[in-house]
Amino acid sequence: MAGTVNVALIGYAFMGKAHSNAYRQVTPFMSPRLEPRMKVICGRTQDKLEAAAHQYGWEETSTDWRATVRRTDIDLVDISTPGDLHAEIAIAAARAGKAVFCEKPLANSVAEARKMVAAVEKAGVVHMICHNYRRIPAVLLAKQLIDSGRIGTIRHFRGTYLQDWIADPMFPLVWRLDREQAGSGALGDLGAHVVDLARFLVGEITEVSGHLETFVQERPLAANSRKRGRVTVDDASIALACFENGAIGTIEATRMAPGRKNWNRFEINGSKGTVAFDLERMNELEVYLESDDVEVRGFHRVLATEPEHPLVKSWWPPGHVIGYEHTFIHTVYDLLEAMADGRVPSPNFHDGLKNQLVLAAIEKSATTRRWVSV
Amino acid sequence: MAGTVNVALIGYAFMGKAHSNAYRQVTPFMSPRLEPRMKVICGRTQDKLEAAAHQYGWEETSTDWRATVRRTDIDLVDISTPGDLHAEIAIAAARAGKAVFCEKPLANSVAEARKMVAAVEKAGVVHMICHNYRRIPAVLLAKQLIDSGRIGTIRHFRGTYLQDWIADPMFPLVWRLDREQAGSGALGDLGAHVVDLARFLVGEITEVSGHLETFVQERPLAANSRKRGRVTVDDASIALACFENGAIGTIEATRMAPGRKNWNRFEINGSKGTVAFDLERMNELEVYLESDDVEVRGFHRVLATEPEHPLVKSWWPPGHVIGYEHTFIHTVYDLLEAMADGRVPSPNFHDGLKNQLVLAAIEKSATTRRWVSV
Amino acid sequence: MAGTVNVALIGYAFMGKAHSNAYRQVTPFMSPRLEPRMKVICGRTQDKLEAAAHQYGWEETSTDWRATVRRTDIDLVDISTPGDLHAEIAIAAARAGKAVFCEKPLANSVAEARKMVAAVEKAGVVHMICHNYRRIPAVLLAKQLIDSGRIGTIRHFRGTYLQDWIADPMFPLVWRLDREQAGSGALGDLGAHVVDLARFLVGEITEVSGHLETFVQERPLAANSRKRGRVTVDDASIALACFENGAIGTIEATRMAPGRKNWNRFEINGSKGTVAFDLERMNELEVYLESDDVEVRGFHRVLATEPEHPLVKSWWPPGHVIGYEHTFIHTVYDLLEAMADGRVPSPNFHDGLKNQLVLAAIEKSATTRRWVSV
Amino acid sequence: MAGTVNVALIGYAFMGKAHSNAYRQVTPFMSPRLEPRMKVICGRTQDKLEAAAHQYGWEETSTDWRATVRRTDIDLVDISTPGDLHAEIAIAAARAGKAVFCEKPLANSVAEARKMVAAVEKAGVVHMICHNYRRIPAVLLAKQLIDSGRIGTIRHFRGTYLQDWIADPMFPLVWRLDREQAGSGALGDLGAHVVDLARFLVGEITEVSGHLETFVQERPLAANSRKRGRVTVDDASIALACFENGAIGTIEATRMAPGRKNWNRFEINGSKGTVAFDLERMNELEVYLESDDVEVRGFHRVLATEPEHPLVKSWWPPGHVIGYEHTFIHTVYDLLEAMADGRVPSPNFHDGLKNQLVLAAIEKSATTRRWVSV
């Protein structure tokens, strides 16, 4: 590899844009030992693909991802497609001996996810799943405080990921609302993030009780269309969870909460303190410590932009905030560093599979109306 | 009655203090048609009772509540005792033809609650349960916005009542942690408030899935004691809920959330907007309206202290906030007004019973590990 | 006196209501050694006075304050009239040997204030000025933190008292907008509070540069009136200040800040930390401490409702907030305790005079366009 | 130019890093008609310069800025040096016919600033000053609301830029604390931003009264050094201001406010509403509108990340926040668009000069202790 990682990116939509930016920005700001080279971007529609390649700075384009992942000059395959393609691409890439970086959720089913894990394991390649919110400095600070014991024994997790983009019943039936294409609705899209943060910060979930709801069951086929079609995924999901370490939690995901644009919020209560985070104010962590003197005890609003905070010193001076896209840059940095070390970073396909098992248990519980073991 | 209501208060602890204050303050500030007269306060320990009577301004004391509730000069019996005495007192008072004002939860069991409802119904007396948080101006504003349709069809309820006073495992085994005396733990104490607000603002709950947890199972019998005893109530409870009108919700109560002192928070998402409230900032309501112009759409922080807001104009000019005790004064005002009209106010014993049915369903579900119909 | 203080209250409007409540509530909640007895309320209009006496619980009424302050059975004269009467009443009361409790500002001019100080000094009576915001638990906590040195050397004071009730140019020309009656506008009404908090928390002000502005110079004489009259006081005042101890500050008061209902906010920066307060959230203090571990350093949101916080344990459990009226109850408590001790409490007429000197210097500076020494 | 702008950047420190990033990012995200080409970066120290060129992606380096600005293949000269070099470089670049983009403050003196304005005017080149905070979507939203009249007649400006990096008296005497090199302290560094936002949002300032303070007059020459040197700039500045349109304001800048990391906050009150902004939460604007229905009137927390908000749709979906560096990208975008149109963008050197005139008036006022006309 000699200091460079040649990347093939499959997909050029929202996630393609975010990943492209990560490859472009990681070297100037974070100086990984291996530098990514934006070699080739793959997609189905040639003209859009050309435009994306030009705009985001990819050297080549290809409409044949199968050929691309086998190219000997490619080191890393980045899967930023919709979920229904993840498994096939990841397995092909692993077989070709490439490192694989895959968007979440890992797959559209547990069965697929298991095959993907088997493939990367068998091939012995580096693999990572893009749960980018783990790389927010404020979230990493929460992790540090928990791991250091300053919050004490964890008892409560309270995770909600709220959005509002389909609150209006006239919002049309986009592909994300079709089970065939999207796998699931709010649960897989947003709930997967909550489950990942729960696993990252608290530990493994052993049992769940869940409920899924589709409030708007029919929608216009397109904006201003009179024809309507059936929504086949959940608008919202709510669940209770028990953790291996004795903590309990609530997990909620919805696209139906007016005013909540990207409200990925968690609160974790331990025996000695609390941490709370909200993605809409992603540079901040709220911290409560029983160890503070009683008269000044209160939630600290920590602006996680100090050089002592994780990752953030690559950027700007204290108080100069970073944004959404930085979470991808940090994730790609850790991927590149892992590749330099020849190790599998975290979170990886095992995490993706475990996440999927939790989501599947929630779905099953929603049907059986009983608690389900993960 | 001739313009005056003679009150007998049973109980002189925390709630006795709050109710006494309500009787003292309601006339100067709210001018109810009927004025309460603080006639007699009842309790078991004569010297403490005398001190309370003097401090809070009661004319007489009695250690015999049975005799007191039969006194012909008493119009209203206020039950501020622990829950295990509610049923007996309320039934006796109803039989004596008195109006009955009872602290929440209505009783320690559904069976008792049913008997209480039957008694007041049979006697035809005025009855009310003290769910004082319904009388917070900001909560009433939420109610108005919901009832007017400005929030649209309700889809989500998210209610958490978090406190932290037993987070420390060395906190002693007080009576509230003993099932015999307290009935239940966080569920009945705090969860009852969440359920009441859910019923008040969203509607009836039809089905629940719940989980109870006792994180600290043994505690010192007293501060600095080496002897330990068993905690027999829940430290925390979490539940999912389905509402009659199609909304879904989460209901959580815990005494184990460091930093949350009195965090009775709810958020309600409708199809057209959202309202959110937190008791620690009880003069404020957060309101999001899809009807706002798009560029200024955002959560309004409404300081519910304007003359146009419910109840609050009895107090001070805009921006001059009120506190916890005012919720009782407002509740007593509505009770007195109902007595003047000869009608049963809301919330009343029927609400107390319905609340209890929800709590009982959560407890049952926690055992059966299945959804339970209310 | 034998354990009781007989009070004569002059004035029954907004402040009369607040002071009456303080006398009614101080004993049940705070148990001062001397109990106030609400003896007589004075005013000019007999029927309104009767109504106020009945509503607030005064035993007698009088339309002759001069006779009242000389009554041998009166111990304490409470002056809650508009400012133009303060001096005459206070001097008469002092000459009659009564303790005097006077609303702020002490007088409408420095000359009057000096006479008042001389009178109470000569008579040797207890005197107090009602700067009630000094008695907010969160403000007292700020004071404790400053006095203990935890904030370090004070460098900055930033005080703003913002309201919005005359932002609309059609708001009528009430008496508060007439210099003859009101003395001054935002400066004397709101700015006096800021100056008092600055003096209480930071120290004496030695020099100021100020500016006064009347944005709306003519207003309708009454609601819906076509006739207009001239506004003769300031709508807003802004000032720079230098303190004796080397700190510098800004002092602002306005009635023209839409959305700010009662925004009495200060921030004080020391060499080791910061405290910040806002009256609209009067149960909270924001505290920043350089002594916190660097990774959790951030503003603490302290809910000043713990038993360890000043004054507040007289009320309710942690997290159960108090309101505006409690500031008067706390002030009256300290007055009564001072009377029991036979000492002059703080803030007293000397503070009132010093406050007035600062306001006068700001007014003078606004005219001379230069810094003015206090 | 044929679609490309060849850029020469002078300076590779903090601002050099921020500007480099802007040139790299503007095309992928914002597609300006002219694409910047990162041609040459200039500095004094060859090895550091090489490192910066490599890291940030510049094609060439040069230690001779004079030669560079005359190169025929350079279209745009970007001045990111300390202030003492601005004038010389800008004038040379203008004479060479280059577009000039200069960091703020424009110069270290009014005299220099005037020469710079004269030079760009005479040369007829495009010129811009980098007041990047004008390009924050939330700030631009404030501007739109003000310009549309929704806030009404502006009456109050309240601007504070607070930082805390020299609060500790042991922080060493860095070049920014030396008047020779830095021109001024908090006033020129932070106050210049406040003045620019005041001019942008409210209008021209006509008169000021100011005060400068150096709290810590001697500091260690370096970390852990025993030798001390004299601080020759202000630690803090406070000022009152009158605006041409009748508004009044306060302007404060300090590096001595513990906990305020990058607290560039303003609040603007008009006759019909208020806007407030804080750089630490730069994606949000607080908006209060008298036109809201009275019962829901309150500050809107607007997350300025909707496609309807200025500039932000180039980035991510609603609720996905941007950071500090984006302000430079937006500024460079507007510069490139102006170059494509052959017009001078805003803010430009005229704004830089006017800003400097206000700062100079504040400094003069601090000496004369009188109001000074700008």
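As written, the chains take the letters A, B, C and D, and residue 1 is the first residue of each chain.
Going forward, a residue touches a chain if its C-beta (ideal position, glycine included) is under 8 Å from a C-beta of that chain, and two chains touch if they have at least 3 such contacts.
Bear in mind the structure is a predicted one, so any value in this text is a computation, not a measurement.
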* Asked: Where the contacts of subunit B and subunit C overlap, which chains show up?
  -> A, D
* Structure fact -> Among B-C, B-D or A-B, the pair whose interface repeats that of A-D, with over half of its contact pairs matching by residue number, is B-C
* **Gap in Å, rounded to a whole number, between the CA centres of subunit C and subunit A** => 54
* With chain centres defined as C-alpha means, what is the inter-centre distance between subunit C and subunit D in Å? -> 41
* Multi-chain contact residues (two or more partners), subunit A -> 260, 297-299, 303
* To do: Quick one: which bits of subunit B touch subunit C in the complex? Just the residue numbers, please.
  => 14, 18, 20-21, 24-25, 27-28, 31, 55-57, 163, 165, 260-263, 279-283, 303, 305, 315-326
* **Of all residues in subunit B, those that touch subunit A in their complex** => 153, 155-156, 158, 160, 162, 164, 167-169, 209-211, 213, 215, 236, 238-240, 242, 246, 248-250, 252, 254, 256-260, 267, 269-274, 288-290, 297-299, 369-371
* Asked: Which residues of subunit C touch subunit A in their complex?
  -> 141, 144-145, 284-285, 287, 289, 292, 294-303, 306, 308-309
